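Chain nomenclature is as follows: A, B and C, assigned in order of appearance, with residue numbering initiated at 1 for each chain independently.
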Amino acid sequence: MQLLAQILANGVLLGGLYALMALGLALVWGVLNIVNLAHGAFIMLGAYVGYYLFTLFDMDPFVALPISMAALFCVGYLLQGGVLNLIARSAMFNTLLITFGIDVVLTQLAQILFSADYRTINPSYAGSNFMAFGVTLPWVRVLAFVVALLLTFSMWLFLLHTRLGRGIRATAQNLGAARLYGVAPKSIYAMTFGIGAALAGGAGDLYGVVSQINPYIGATLTAKSFAIAIIGGLESPLGVVVGGIFLGIVESLTALYIGPTFVDVASFGILVLVLVVRPNGLLGSTS
Amino acid sequence: MNLRAKFLLTAIAVLLLGALPWFASPTVIQFGIATLLLATLAQGWNIIGGYTGYASFGNSVFFGLGSYGTAIAMVQWQLPFGVGLAFGALLSVLFALVMGLPVLRLRGHYFAIATLALSQVMTAIVSNLEIAGRNTGLVLPLLNGDALFYELSLATLVLATLTIFWISRSRFGFGLIAIRENEDAAASMGINTTLYKVLAFALAGVFSALAGGIHAYWITFIDPVSAFDLSLNVKMIIMTVFGGPGSVLGPVIGAFVLSGISETLSTEVSTVASLFFGIVIVTAVVFMPRGLADLIRRFRDTGWRYFNENVKQHRL
Amino acid sequence: MKRALGFMAFTLATSMSSAFAQETITLGASVQETGALANTGRYYRDSYKFAVEKINERGGVKVGGKTYTLALKILDNQSDSNLSVRQYVQLLTQDKVNFLLGPFASDFALADSSVAEKYQVPMIQGGGASDQIFNRGYKYIFGTLPVASKYFESTIAMMGKLNPAPKTVALLYADDAFDVSVANGTRELLQNAGIKLTLDQRYSSNTSDFSTLISQLKSSNPDAILVSGHETEALNFVRQAKSLNLAPKMYSFTVGVPTADFRKALGKDSNYAFGMTPWVISPTSKDLYFGNAADFAKAYVARFGYDPDYHSASAVADVEAFVKAMEAAGSLDPKKVRDAISQVNFPSLYGTVAFNATGQISLPQTVIQVQNDQVKAIYSQNGMLATPQYPMPPWDKR
């Protein structure tokens, strides 16, 4: 019982971070209909920003979080304006291909610039924890969880209550309608992609605190983000949080009861299942 | 150029390619095997992606099943290579039928993501299967005969290309193209879209599985990561799109050109090869999103404006 | 049509550039310079280079009364094992290298050794230890990493000498060729030592979240935890063990602990971790080209800017073994050199290099531990070398 409670707590905390990772992907997919295969590379870059701020300037990773996000916002904004925008009306698999190409380029550049050394963001409190109801809770994961929820919640408010946010939501429905909000589609596209990248950057910064960083962590994180975005749905940021926590719990329980080598079978199996069982609900948002 | 001339030229090219092992160095033969197999895979993707319009990321699953079918038959059951190939192809067809039915109901990105997830699931399942050697993989017997592998790969590619040639002029092919252009309209025209799509998926599976089986026996070692390699699937798409999706020879040309580039890069500039390859992909998608075939057709009239016009046409 | 012509031209061009008079002996290797394994791949690239340079400085190689310079051709396999197989064929058939040096990691060595066997050109590799590589009856593959199944042998021997000796052990291992070999061997070793295995768990390679496993470990509470996995996994495991307050009496990792990266990434948290290395940097070893292991390590840092570990030493031993074998064979004939390799027996900075019947070196593992941010040699065949810090204190008492 004790063990089960601990495992569930682990799963929920992991899920919070998962949700933040997937949030940007879901936003970009839902609004721009771009499946961004370079999303994991953005997370990786965000982690490196956090790492260098921590190592060179001794900056706390939670203080570095906004900087990491701002840096990635610029990367995303420029990439969409300078590259992705050029094929915005091209065939669907062209966007898949180009984001894959961008992923390769970013990963290789990261190896050249940052080397393949394994890095961690390791502040003195990184491993500290506290007990609650007989369950050990790592401070960093709890904080990351809270930050993830806060960011998700502010995303939600932003989409609902700001001019730009309403423009973005309108774009998701209909490009023409977006003009009614007085925002040019071009700038909406770049802003949305930038925000998506910024969320990935924030997730990366937190990821570096709980795990290790190297230029090649992106691919698996992209795959995970897909699973969460699909399970949670693309419509609302809150759905992504549910998806993240759900996946975190499923993975933890699978590792415990079936075995750690079956984690991927479970998470991607559920992804396929969700897609297949609810094709109408999910299809509705693409057509 | 009329069809007969085209056919004749292609036949001569095939004969020349077939004669290659008698005068080429082993490095060239090996490059040939890899390229022919990639071209076969690109043709497989062409059926489901190019003709039917379903951007599959599950074709690497077919490749993996072909590899594992062959390896399991040869290593665990001591069966001959031919039986292994057939077994691998059978596994692929079964997979296409069982998973194709539910997954092919999805459209657009959702299909792409579902197949992407399937390939992750298959990797994870195979790495837990005792008979597949779990994640440590299987070692196949060593056969010293690259010429044989070369001819086999060439034969498979010819078979795949002939099949696509048939598709391009058959009722079945028109059905697939109708599905690509407008699936609802195709259904209302009385096309059994489910059947057509599943058949296309299975057909793609057979050729990919054959390529996988040949590759496994040639390389002599497979493990889940290399057999279900997702980047291989991306290569299939790039080669098809680069050459011209939905055309008979486009993907083959795409595979030859891109393999040549990538091989030269990995020999000449070694450590930045991947970086360059990434840049090549991005540039190609931006400036020639409709592939090499379209470029060749229209470049004569438009000249360098071709690239500019492409960008103008597709940007927001 | 154009395509066919282009192809033929390419063929002719490549087949003409073959025969050259040979004053150099070229060793060829395809290593991971980029891609997921680049971090360890660089040890091989740099060490091969370094060894070849040093050997040439020392006058090159004397084979049958003639002196040759040694050359090196390295290709980057981008951490793709299929590409590496093709590159080895290319090295042999197009670049006409004389002999092959290996890549990093067991699965690569497993795939690439078939090229050596196919073309009957010997490959000495210092990057793959899995028993699978050497169990196939191949004649042209030699390895300078010790047998995978015995990686934990010295650790388990040391455990018997600890006070109080660990009675229960948990074994975690990744599911790749090398780590499965380690686990199979370790199970047997534990049984022979009479130590109880309370948790025996396989996990997926590249796992980044260990929180479930760590929670399970906490509730089964073994005295010692043995982890056989990759360096990234070792890093994640230690970090998450701290954050979930898991502190067994000891834990040990097959890889990671000897590297500078491990200490740099974990800082103080790397302390108390046990590990192993077949190579101890000591001035007592004798090496014809580098003097001794300590001199080598110094020169290596000066040259490449990072600390060498056993991967580097193993790679240097590969190059030196070829030189010894060629000199003994008095010929560059691959078959004769192959037979000579099987007979070599010489001291090097890595240890005594000699191959057993299957082609693998036998070197004992020295148990090491990170103590006060330094790697210390703790235990070898000859007994305790230093006092182990045991049991490991809980995280909040450090």
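The rule is simple: a residue touches a chain if its C-beta (ideal position, glycine included) is under 8 Å from a C-beta of that chain, and two chains touch if they have at least 3 such contacts.
The model shown is predicted, which means the values in this text are computed figures rather than measured ones.
Chains that touch both chain A and chain C are the following: B.
In terms of C-beta pairs in contact, A-B outnumbers the other of A-B and B-C.
Averaged Cα coordinates give chain B a centre that lies 36 Å from the centre of chain C. Once the centre of each chain is set as its mean CA position, chain A and chain B turn out to be 31 Å apart. Chain contacts: chain A has residues 108, 259, 261, 263-264 touching two or more partner chains. Among the residues of chain B, those touching two or more other chains are numbered 124, 127, 135, 274.
Touching of two or more other chains is recorded for residues 34-35, 175, 204 of chain C.
Note for the complex: chain A touches chain C at residues 2-3, 6-7, 10, 13-14, 108, 111, 116-120, 122, 126-129, 136, 138-141, 210-212, 214, 216-217, 220, 251-252, 255-256, 259-261, 263-264. Interface residues of chain C facing chain B in the complex, by the touch rule stated above, are 1, 3-4, 7-8, 10-11, 14-15, 18, 33-35, 74-76, 78, 80-83, 85-87, 89-90, 92-94, 107, 110-111, 114, 117-118, 130, 132, 136, 175-177, 180, 204-205.
Residues 34-36, 38-39, 42, 175, 201-204, 206-209, 211-213, 215-216, 218-219, 231-232, 235-236, 239-240, 242-245, 261, 264-267, 269, 395 of chain C touch chain A in their complex.
By the touch criterion stated above, chain A contacts chain B in their complex at residues 29, 33, 35, 83, 85-94, 96-98, 100-105, 107-109, 112, 185-186, 189, 219, 223, 226-227, 230, 259, 261-265, 268-269, 271-272, 275-276, 279, 282-283, 286-287.
On the side of chain B, the complex with chain A involves touching residues 49, 55, 102-103, 105-110, 112-114, 116-118, 120-121, 123-125, 127-128, 135, 230, 234, 237-238, 241, 272, 274-275, 277-282, 285-286, 289, 311, 313-316.
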